[in-house]
Each structure stands twice: as structure tokens, then as C-alpha cells.
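Some structures to go through are shown next.
Next, two complexes with subunit A in common: one pairs it with subunit B, the other with subunit C.
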Partner chain A sequence: MKHPIISPLWIWAARDLMRHPYEALLLVLSLTSLIAIMGAALLLVEAVSHEATDLLKAGPSLVVRRISGGGWVPLPKRESLQLAKSVPGVVHARTRLWGTVLGPEGPVTLFGVDQLEGDLLLAHQLSRRPAAGEAVIGHGVLSQLNQTVITLTGQETLNFKIIQILEPHTSVATHDIVLLDATDAGKLLGVPDGFASDLAIEVFHEEEEQAIVPDLAAAFPWPVRITTRREAIGSYSAGWARLGGMTGFILLPALTALALIVAGTIRDRLGRRYEVGLLKALGWTSTDLIRLQMYRAILLAMAAAACGMLSACLLVFWPGSPWAGFFLSGWQTHPAALHINASGAFWVLVQISAIIILPFLTATLWPALKGVAADPQDLLQGHER
Partner chain B sequence: MQPDKLTAASRIVRAIVILFVLAAAGILLASFAGSPQQRIRLFARSLNLTSPAFIAAGHALRHPEFLHPAVDLCFSPLLGNPPPDPHALLFEPRAPLVSEGLR
Partner chain C sequence: MKDNVIDRGLECRGVTLIHEGAGSHAQTVLQNVSARFHAGCIALITGVTGAGKSSLLHILAGLLRPSSGTVYAAGQPVSRWISAYRDLWRRKVGMLFQNPHFLYDLTALENIMLPLAPRGFDGATVRKRALTLLDQLELSQLAGRNVATLSGGQKQRLSMARALMGEPLFLLADEPTAHQDERGCRVMLQLLQAAGENEATVVIAAHDARCIQANIADDRWLLANGQLKRIE
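Our next item is the complex of A and B:
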């Protein structure tokens, strides 16, 4: 049969696969599962770490928290800002009013939005700054997003009218965040007027982050804890690396399964020496025979690689997929729906596919070479015996 | 009329090639498509966020700045608890109330 693009040998290879369709299908499914599982596990850790680092780089260089023997205590806004700005190297300093309070379906991260933050956000994300008694909530705060009132419990229990729900694709930053007017946030967190939770500081150069810490600590008349951006990234990366260590448990059985597939392929190919002998007796050249065997394996590998890569990609990068948050991050309520940037996914998946596919192709090539080197009569007689 | 086996095989080859090309192109496009990074960064900058919301609020990994520096790391929820030091559990022997010289 002539085909303008596809070589007849490819069609013969596919015809050969059709002789044992269930076996071929099972082999494709096994390889697909291996690529999908290994790809998803590695992609997830890689992508989440990358995304977290990106987000943290957009945050403040240093965070200063006032501490006492019992924990953290609010710091006076005006005085703290003056002291921080007096330290050489500090480019910008802002107070933050935030903390965790109990929402209707679990803990939420509460932020008090003052005029400055409100103006910055207003232009881009918020329809308007939340006034007293109003709240802007993240997409994961409530399961029923048609509710109009939210009850938050901190130092007091207060009800707020929901004026906006943040878009789900910003969940990486805003999944369980509630934005309130600064006065309301202070009431819930037990922070009096004129006080803030901590201080966010920007320095000019990344290298200054660590160098400025002793000066900054000495500038305040009370004990402080200063967290640098590098420490925050390190802490987060270490946490995710530990979670990613779980992938090791997934990879071990996957690699065992791969070894089983390779062994099965070699055994299967060696068991079909009669076919090779028959084709050789009919005049097929050694090259044709090797190509037929390889094309047969490549067709299976291409189908498995395509399905496996697509599955891994969809599992990790499908907008809003919650499984990773549920299994890995320990969410007890609504896990954060991931909307992760897929940059770099292609090469990770190509590498994973190569790790799975190359041993399979080698397992096909070796018996094929062994078969074509033998005498056709031996191959045919060997089958008859 | 049933199609010839070789025609079916030819269709299978074409289907596999098309599937592979589409999958590779789709993933490649997704790699370059990007994400709403700009808007997420804007939130991070506006609110001075120091952690992404991958982990639930209140978890030590979500708010590492909550950990008090004066608290020994053996109490950190991020680490396992080592066994207590037996010397720290024993009271120092008191000095005798009446010294030998006064007796």
C-alpha cells in the first residue's frame, strides 16, 4: 500500500501491533501512567517552588516584627516608620496590619487596607476600597460564593458585607485572604489605632538585605525579629522540598514497574524469533527487520509520551486544580486552586519521557539485533523444537 | 464494507503522529503562554505579602515569621521533638541549712 508521506514500513509496524491489540494497549497504558505520575510529581514541586519564589521576590525585602517574651506585639506606626527610615539603606518602609482569624469555614488571613494600600489596589484589582463593615474576600474563603455576609472571629466576632470576590486566577496570592478596612481589621486582631502588626521594608539592593539587619535591629528601642526575603524563600523552599521528598516514594515503584516493562519487552521480542526467521526467509533485509521492530516500539512510545505528557500537564497546570493543595499542603477546608505558570514544563516532560521511553526502545533494539544476526533456518527450527 | 487491515493500520499511524504533534505543540504553547503573574505580583507588592497561599492560613509554613526567636527550635512544629535532657529535669541539690561550722 502506497502512502504519500508515511513509509510502508510504519504501516506494517502498526499492522503488527494490531495483531495483539490488547497487549499493545496495555503497554501504552503502562508507559502513559509512568510518564504521567513521574511527570506530575516532579512538575508540581518544580512549578510551585518557582511560583512561590516569584511571588516572594515581589514582596518586601525585610519584615520587622516587635516581640516580647510572650510572642509578637503590635508596634506603633509613626514611631516605627521614623526609626526604620532613619537607618541608612532603607529605601521604603510601610506598616502592615494583618493576622489570622477564624472565618466561617476555617482560618483566613486578614489584611487591613489603609488609604495608601487601597489606592494602589483600587486602580488595578478592587472595584473600590472596603469601607467600615465591608469585606473583599479571596476565592477560597467561602464554598458558597453567593453569600453576601461573612462572619469573622478574632478578638471579637463581627459580620461584614462582601463587596467583591477576588478572581480565582490570583489564588496563588489571595486564596484565603480577607481585606477589610484598617479599623475593622484592628478590632478583629486586637491591634489598637495607631499600631500595626509589623513593618515591611525595601532596600535598594538584594545584597543589602542581610547587611542591614544589625543596624535595623539596633535602631528600635524594643526587641524585634527581622525576617529577610532570602530567609522567607529558603524557609518556603525547604518546606516544599520536604513535601517534594514524597515524590521519591512515587518514583520507586514507578521505576520498578519500568524495569518490569523492559524485562517483559525483551522476553516478548526474544519469544518471537520465529517471525523474524520467517520474514528473513521471505527476503526481508536485516535493516528492514530492525526498522520494523523499532517503528513498532516508536509508535507505542509516541502514543504513550503524548498521553502521558498531556495527563501530567493537565494534572498540574489545569487552571484551578485543587488536588495538590488537598494532598500535599494539608488543607482541611478548600485547598488552594492552583493557577501555575507552565514555563519550563515542556523540557521537564521531555526529560521524563526520555527516562521512560529510552529503556523501552533499548529493550526492543537489543533482541532485534540478536534476531537479525541469527541464521533464518536456526530461527525457524528453534521454533519447531 | 469493512476497511482493509492495512488501511486501518495507516489510520492508526496517522492518529498517533497527529496526537503526538498536537500534544507537544500544546505543551510548548502552554510553556510560553505565561500566567497572570503580573496581577499576582501586584497583589504581593500592594499587600507586602511574604508567603503564597499554597498552604493554609495559620500553618507554620505559611507564616514562618510567627515563630518566636526566643523559642527553642525543639519546640518548632517544623521539627521533631528530641528526648528531654535528664540533667535539666533534676533539681540542683540545696545547700545544707545548717553549716558544719555552726553545728
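Our next item is the complex of A and C:
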């Protein structure tokens, strides 16, 4: 007889699933839901952390803030720039005016726009700079994007005419920002003219970031806090790891559901003694039986993984899909547009495999190993019709 | 008797089977049974209901391990082999159960294709062979039917078709004619005879008079009180 390329056991495994189609469908749906929920959580954390890390990598080498006993205080623009540029190794320095104020639907990050010169990220997105009384807002600042005026509250409360809403696909960084004319921004943030929030410094080489810190600190006549890019990335990564941990806690019910699926699978497989006995009596080897069970489980797991990961990707990356952000990060307005990256998605798939698919396959394998060791007649006993 | 093919037959030596009952109620089903069933011959084992005929066939088929003693197939002590080797050996055996066992949510055709399913043969070829056997057993019309809907006689003939699927070297039939009408009985006996003519070792356990009187057996045995005796 001819031998086919694909093992006929795959076909029998598929046929075996069709023997109990509703049971198989329910199992796939349960696994799909689990993978979708867990995948969405992991993908969201991974995507946001990836975007944030990319932004920080594209950001300044060092950030200098003037501090006093009560926290940070504005620093004088001209003097700060002169002092920073006097330190050997500093290639470029610029002041920034930014902070957090209250928008109509929660806190927003405010930038004085004339401080954004050279910032390619935003330079490509602005149709024009906002003049006095005008604002450019991120996609997530307002839930009703047809509004023409925005009210912001900082040191005082002011209204601004919205001249542009930044596209959602641009970057997660622009999601909740408001760009104002520098003078307007200063009023809201309580920063007087001629002063800035901080100083962004570029050094020639990444390795110099840490080395230059003592010289830079000594150059200023007032106390400063200097954050290197590496420290900023580390701090954000720790933050995302914490969020990931909290997400895991939220997913406890999902893991409980997984435990139930695993227990049900073990019970179901152990209950199929008659079937195992019959197939052994017909000349199926223990290996054949284990392969059949595993192929069956793999077909289920593959279908569930494909549907689950697709759903998770849609929940996180589909434009305008707010679910994952709303449930997991509390995004109330329009969600930030996130971008899928292959390595991140692959890593999430590996985690999903370890957390969900592997226990499911083990739940199939263990009873199969247990069943095939018995003599066929012992397995068939008591099942005559 | 065809002595030239003796070595490929089945043999049991000193086979004893004790069923452990509840408490100390152990029941000896077979006691020190020794017999040789030659390849190319048909052996008929008779005995009253409950004599242990089915248990002996199950032991010969490798479905059950004897409490003591050994079963030899083609000179090899198969009942002493480890499970994995006995699994492989079982592929050479066709077993016709007294109470047919099936996967009741599969069709008749699918059920008889089962023995060849894991052996890597081309599906179309397996299907063709299965349909030929169904035709021989006058079951062609029932190929697509769910087994649960078949009558006792049809199930038994289906069980025969399945036993023959793998072209077995050893064919063990437990009450093959019990649920058959005259026509069905004739078909079953013809197939058993044909298997013997094809050099298979055929062992039939029966107490159905039609089977006993059909005179197809080369050897006759009587199983009574756990002892197997050859009838000369």
C-alpha cells in the first residue's frame, strides 16, 4: 500500500474532534477567550512599554532639573544653557517648558511649543505652531473630538481654540498632550518668562552619559537632579513590569478558568478507557494512541491560539479599539494607537504557550500515558453493549 | 493438518487464568492449558457458556495476560513481552469479539478502517479495502450508517470485516455465528475458511451448533472445568 506524506493520524485526530463537535467547539472557545484576554493584557503592556522605551531612546541623553526642598523649580533659560554648554562633552543643550495640568477629562501633559524645535517627532505632525490662545491636542485628550475649544486648569484656568488634533497613529507620546504657545504654557504651569521646566542635553556618545553627570552637576550654582537616558528607561521598565504584575493579578479568574479546563480535560481523557482499550485491541500501539491524543489537543490548541492571538491583536492594535486599554489601563477617552512589533508579539506568544497551551497539552498527555499502560481487556471490561 | 507451517502458529503452554474476586473469592478460569494451533488450520474450541472460551481467546490475542504460563506466536513468547512489543504483535491478530466492540459514534466504514488508521497507509487504499470487505460481508449498503443503528448480526459481520482489515496472521473468532441467520452464518464460515486457506492461524470459540456442524475445523478442542482437551 502507498504511504501518504502527512500521517493519517492527523485526519483521525480531526475526525475524533468531530465526534463531539459541541464539546470541541466549547473547548476552543474557552481557550480562545483565555488566550485573547491574557494575550491582550500582555500585548498591551509589551506594546506600550516598547513605544515608551523607543521614545526615551529617541529623547535627550540627559535631563537636568533644578530642585529645592519642595521639589522642582523652574530654571533660568539663558544662564542654564550657558552653564551646560560650558561643560566639556556637551554637544547640544535646549530648555523645555512642560508639565501636567488638568484638562476637561483628566490630567494632560502640556508643552510650550517653541521649545520643541528640533523635535522631529512632533515637527512632522504640526500643520503650524499654535499662536497665543490656540492649542494643538492629542487624540486622547477629549472623548468628543468635534469640540472647538478646550479649557485647561493649572495656576489659572484658560480657554484655548483647538486648531489641530494629532493623528492617533503617530505615537503613544502624543496621545494625551496639549501643545500651546510658550507664554500660554508658562501661565498655566506657573513658570515665569525667561524660565524653563528643565534642560535637555545631548552628549557625543552614549557611554559619556554617566561620566559627564558629576561635571554637569558641579557646573550649576543651584542643586540639580540629572537623569540619564538609561535611568529613565530603567525607571519606566520597572513601572511597566509592575503593571504587568498587576495585570497578572487581574487575570487570576482567567487562570482559574484554565485550571477548570485542565481538570475537565484530564477527567474526559481518563474516562475514555473503553476507546483506548478497543484501539489497543485493534493493533494501535501506545505511541499511536498518545500521538492521536496529542494531535487532537494540538489541533484544538492551534485553532484557539490563532483565534485568541488574532482577537488580542485586534483588541490592542486595531485603530479605535478601546477595550484592552479601557479595562487594563483605565484609558477613558480615545485609546492611544499602538504598533505591533514582531519580536514583542512572538515573546507574548511564547508566554501564552507556557501559561495556557502547555498546561492544556500536559492535561492531555498525562491521562494518555496513564491509559495506554493497561491491558486492552482490562480497559474494555464492563463496557460491552 | 499442515505440518509444514507449524512454526508460524499459536501455542499456549501451561496457561492458567485466575480471576481475583472480591475478598478471597478467586476463580480459576483456565488451569494449566496447553495447546498448539497450527498456521493454515482452523481450530474449533467448544464448551458450555462460561467455560472460559472467550478468556482463552483474549489471552491468545494478547488482550489479557495469563496468571501463569506463556503464549507463543511463531515460536516467540509473546505474552511475556513488554507492553510496547505486545502492542506491535497485536497488529498481526484479527479479533472477532463475542460482544462486538465499536466506536459507536463513527460510521460502519470508519470503524472497520480503524485497524489500519495508524499504520500510515494511503487513505484511499484503506477505504477501498474496507469497501471490498463490506461487500463480501453483504454490508455495502450500511457503510455510511452509524454503528449504533445496526442489528446484532450486522455488528458481528462488521466486526469480522474489521478483524480481516489488517490481513491478520492470526484470526481469533469468538462465537462468530451466534447472531447470524443462515445466510449470514454461511458468509462468516466461508470467510473463516478462506483465512485458513490463506495460511492464517484460525481459532474459533463457539457453542453454536451450526458452527460446530459446519465441519470446517481441522482441530477440535473441548474446554471444560478450566481444562482444554483435544477431541480426536
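We adopt the following convention: the second predicted complex is superposed on the first by the 235 of 385 C-alpha atoms of A that agree within 3 Å, B and C clash if a C-alpha of one lies under 4 Å from a C-alpha of the other, contacts with A are read in each partner's own complex, and residues count from 1 in each chain.
Operating definition for what follows: a residue touches a chain if its C-beta (ideal position, glycine included) is under 8 Å from a C-beta of that chain, and two chains touch if they have at least 3 such contacts.
These numbers were taken from a predicted model, which means no experiment stands behind them.
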Partner chain(s) touched by A:Glu275 [first = subunit B, second = subunit C, both, neither]: second
Which of subunit B and subunit C A:Ala373 touches, first, second, both or neither: second
Comparing the two partners subunit B and subunit C, which touches a greater set of residues in subunit A: B
First (subunit B), second (subunit C), both or neither touched by A:Ile177: first
Which of subunit B and subunit C A:Leu292 touches, first, second, both or neither: second
First, second, both or neither for A:Trp284, with subunit B first and subunit C second: second
Partner chain(s) touched by A:Ile11 [first = subunit B, second = subunit C, both, neither]: both
First (subunit B), second (subunit C), both or neither touched by A:Glu51: first
On subunit A, the residue positions that both subunit B and subunit C contact, one per complex: 1, 3, 11-12, 15
Parts of subunit B lying in touch with subunit A, wherever the complex brings them together: 4-10, 12-14, 16-17, 19-20, 22-24, 26-28, 30-37, 39-59, 61-66, 68-70, 78
Interfacial residue positions of subunit C with respect to subunit A in the complex: 58, 61-65, 83-84, 87-88, 90-93, 95, 99-106, 110, 114-115, 117-123, 125-126, 162, 166
Partner subunit C, residues of subunit A touching it in the complex: 1-4, 7-9, 11-12, 15, 19-20, 274-275, 277-288, 291-292, 372-373, 375-378, 380, 383-385
Interfacial residue positions of subunit A with respect to subunit B in the complex: 1, 3, 6, 10-15, 17-18, 48, 51-52, 54-56, 58-60, 63, 65, 67, 69, 71-72, 94, 96, 98, 100, 106-109, 111, 117, 120-121, 124-125, 138, 140, 167, 169-177, 179, 198, 200, 225, 227, 229, 231-232, 235-236, 239, 299, 302-303, 305-307, 309-310, 313, 317, 325, 329-333, 336, 338-346, 349
